[in-house]
């Protein structure tokens, strides 16, 4: 995750706006779908050549161009030329290692998001970058790979004629934002399961040895997740305060809702982070207390035997005429029992045992 | 508490404004009461059908609709249609896992609060969500369950004709806010008792073993409590700075009072949190000092016996002609007494004992 | 101190502006003095009935009403009615557990302060709440008990005809603020003595055992003190930026002076807090280093005896024909001396001793 | 790095604007190159005398004067006089130990940057100060030494006639900023390699002894790097908000891009810093756990032998008539085996072993 | 340093603006010099009576009155009366324990600074308060003692006729500020030497015992230094944003330069503070690691001897017919050598040794 910045260094020295791919491509070839909808009509098709897209430019209805996988440099150049997108924005789209951000230009909005998916139980995450270009009646989305993330939106476009299809490209942009943020809730669901299971393991004292490693691993993932989600809240707030004419007043309440969700998610993630820090603290304290207990018990144990060993040493000396030696062997056993008993009694009284 | 976000993930992919229940319902069936009051009249009744509510819409007097328990989807849809409430607000009301917040719309205010109650001595809390919709002359309150939390307000409406009943729906909203915040004071009362009793236990050194667990538990509860109370301060401040015409100037001083109370409560909670952190620190230090003391005493004890055991070993050797062996057994006892005495004297001088 | 919020919980459910006493009364009966002054005249008297106060309302000269001890509910109601004070302000005055604050109303200012006094050498503090109501030509002060805190102000009113008596009620309010803040300097003086004496004790290594407890106690008091003084800085700043006509321009420089003093005091208190934290750290480090030293010396001591005991064990074995036994007893003593000497030399070289 | 401030102390007491060199010179003699370009023409030459520069002052095309190495006091004085640069700015240019900053004057901009280069694998960094003076159609750059850092920019000027050469001096300033910031990406590349290799070393437990030293060294370098890069973000933001007419509107998007890069770099550096702190923590914990483990095992080991040694002592005593002595030697071996076996079983059950 | 607030407590209860000395006087008698300069003339003389100063009031040239040592109450009163200085400002001047600050009044500026000097190698600092009153064409400076701090300024006034003497009292004020801030660079120079020498001592492991004490001492001094320098940055910023007509536009660039220097100094001081904290951390870690190492080696050493001592005990038992006793004494020595060799091999393999 932190390595995201590496390969960008190869651009050092190049002119700004140079269109080259940065980041490891997830899917080498791009797949382009187009949906054109208005309250009356809806049209969906697979795009082969860029010219097919351009002719929708004049249409009054909303056109959504979904580009999945790595777009070609040629296509980016054409989009730039035909839709008036700045070369630096095109450069950003080709760089899949970008921070989430929102930028308003005169005639379009540029939104960068990260879709997060947990691949397995170990929280090995994939971070897919999703870029939106929102023009008047035109939305481009760039995804790194083909999947069904946007399927629910397409379904709603098809079915929700009265509401969705009567609204403009800004509502479509909101719907995409909302879908990505809803994904985060699923992530948090599995995070919750992992943390709860850790807490249980912890309270039942099973396998404490392996716990700190797992906790640290999840904590590290949480930091990355937060780094990718936090800017989303900022960008929704920036969208709300943007004066762009592309965002209609009636869309504000929807953006505010997304912003609330993002806040909720970040709050929740921070709570989990705190819980994990606490678990690590408690673990360290417990290990140290337990270690102390063992050492103290062993020390007390040695302490009990020390005088006994000394006494046995005394009567192993070869002095002539040690009078006690004649008092009989059982007497020494009385001593060997009385001394530890006294010491144990004393330690118990002192609450050392 | 942190799990609050879980079940919301099932909404991922649904259209915004989809009305479904989120969160575990406390009380499956809803109970609706209506109070309509003006300076002259007061009317209170149980509502069976939604139509009974609608006809109060035209009335000049203030109408308060209390919905306790889970409202039906139908009812929400009707409220939305008849009172012009946005679908996203209705969606929020059905989600009982929301953060406290304040939103001003053109013709109504949307307020979400949490009522906190400590179920037992162990600070097992229940968090009940209370939502207010404040319209001109109309207030809807949504509570998760039926209880007598609002009873004092109803009593005051009935008795305080000159003041309460002469004021509008914004004063009623304030009265509800004030009642919820006053609940927090009761919580803090019991928190105080718990912390004071912990401090006493602590100073009297009884059962130190169990203290850290209890402290950590209360600290964790305090974090959740703060997370639910902090936004209340923010929302009162937002209400004060809101330009909504629904909040009259003369209500500002009351809102400021609630805001002061919330500030006071948060300050107090933070103090308790600090006190508990301090107790944990002191506990850790005390345990470590006590452990050190025990280990040091045992180490000194061993140290005293080490040379004695060595000496007894010397005279257990089978050398021929050890001259000391003939000096007589009592001489060795003089050594066995002189050495520890000298060492204890030395340790005492060094302040090790 | 933290308990301040407790008894307020008994108000939960009552109407706002309900006048009941909150907090433990210091002095059950109230004593009322009145000073009326102008550049020409000065009049001072003890007040028995509230009517005596009201008649000064029309006077052009400044009237100062000092209410010491618990005011009766009746009196508060009368002040509210005759001077137009809001019921919530009256409620705040009766609650002696309020945070310091400043509020500007249309025709009066409401200021809450805490006067701090250290009762003894142990920093057992008393916190007396002082409330000011500043009207045009009228100042009410509410103190919890009768003492001579305000005596210097009264003396200056009597003597400083040209300056003090020519200025209005805002200057009197400033003079009271200044007097209370000057009290804090006295507190800091004794705090300085306590901290300096702690530092001396510390450097001279006397009675280190008892130091941490004392440090923690003073630190805890400092937290409470800061919690009561910090809002005073804020309130002076708010007074400076207030647009109330009751605060004349020429009084601003005086308020700024008080604000500077409060800043200075808070800075100083924070310095002491830092010094105490440092002392606690140094103490913990010292205890741990000293403990380590003792343990290390004892460990080295044991280490020296271990091989000697082993050797004495060898020659206590009952093997037949141990040749060394015939080499003579003094030879073994040479070994018993050479081994420790060598080890001590080695440890010294390694800087372990 | 921290020493940067030292030699500036020799200026104490001098008049402001006194032109003397501060900081150790990297290259004693200065080398001056000049590039003059417009859309039509481009001219590049080596400058010997300052007069050659002055005559470009009237030209409409953009002139870039690159001064590499230590400029002479004379030259600075001449620049000040002929181009109207304030003496304090000239003083700043001669001081190569300045913080990065941006200042807008009436007719020119003053920008100070640091170019960072990692000399070797050990992150021994060189910090070269780069100062820009941006006038209308004139840019001065002051570098501490001659290298090819600006070569890509010169190449682009030569080739990119339509874009680069059609833009003014503010675009040239941006191109230089961009080049310096791109250098940071290279630095982060090598930082990434170092941190990743550290993490690997760490997980494979090789040479843990040397790790903390390396981590601390890199952490210290990171602090210095951040101290030099952080102000670059601030200065780009200040440039964006500057109202100077020298920065054209169409350059803003480029500056925003640099600002985004700087933000990205600082975020990444902070991530590495966190990773290193975590590694140090984990190392400390691991060392302490491992130490605890060893000590505990040794303690248990001693514990097992303690009773055995005591028993052997018993039967070394010279008492008359010890009955066990006649039970035969193998019996005692049964005891010597049974006791440790029992203890090991007990320790295993207690999970101490 | 922290005690600065003590003696001010004796003012509690006095009227504001009461002129009494606060703080320990450095130099009981005051020495007054006056310099009057314009572009044409310069006059410097020793002042005996205040009347000599007053007559310069009408002059168009700039007059600088340097008061060194404790000014008399009479003089302060006269300055107040003749130059219209507010009593609270006069009171501040007499209090040499003030925080650095800037205040703009209608017809004068009030600036309080601290000049810092390190008395010896041990960083025993003297803090001299310097107060400036800047009027139109008149500057008063109050220093606590007579020294040559301002000599470079006087020299520049005498020599720099064209620049310095052509500028007004605000440039003189700047020159004084600049001189005081330049002093801080000298301080940082010696701080750098001390820290570098500490780091060297540290890396060469000499006298680690004494290092923590020295580090803590320097850290404590740094805190005090920062407390006195930080407000200087704030005051220069306040001067820059002040709307006082006494600060001319052309002086702004000079003030900005001083502000930059102050920022640089505070940054550098914070770096040193961080370096020292790191050294303390490293020291604590090193001590703990070294202690652990010693304890571990000793524990291993004991562990080796434990079984040997036990074996020697076995063959010291008085059992009849111990068969091994007849196998010959050299056999036991084989065991005594084989066991430690095996253990050392095992410990080495486990990397415990």
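A, B, C, D and E label the chains in the order they appear, each numbered from 1.
The rule is short, and it goes like this: contacts are C-beta pairs under 8 Å (C-beta built on N, C-alpha and C of every residue); 3 or more make two chains touch, one makes a residue touch a chain.
Treat the numbers as computed from the prediction; the structure is a model and nothing was measured.
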**OP:** Please compute the C-alpha centroid of chain A, do the same for chain D, then give the distance between them in whole Å.
**Re:** 27
**OP:** Calculate how many whole Å lie between the centre of chain C and the centre of chain D, each centre taken as the average of the chain's C-alpha atoms.
**Re:** 44
Original post:
Mind pulling the chain C residues that touch 2 or more other chains?
Top reply: 295, 299, 302, 309, 313, 316-318, 322
Original post:
Which of line, ring, star, complete or other matches the graph of chains that touch?
Top reply: ring
Original post:
If you go round the ring from chain B to chain C and onward, which chains do you meet, in order?
Top reply: B, C, E, D, A
Original post:
Which chain C residues qualify as touching chain B in the complex?
Top reply: 1-6, 8-9, 11-16, 86, 88, 98-99, 101, 103, 212, 216, 220, 223, 227, 284, 287, 291, 294-295, 298-299, 301-302, 305, 308-309, 312-313, 315-318, 322, 325-326, 328-329, 332, 336
Original post:
Within the complex, which stretch of chain B touches chain C?
Top reply: 152, 156, 160, 164, 174-175, 178-179, 182-183, 185-186, 188-189, 192, 195-196, 253-254, 256-257, 260, 263-265, 267-268, 271-272, 274-275, 278, 282, 285, 289, 292, 295-296, 299-300, 302-303, 306-307, 309-310, 313-314, 316-323, 352
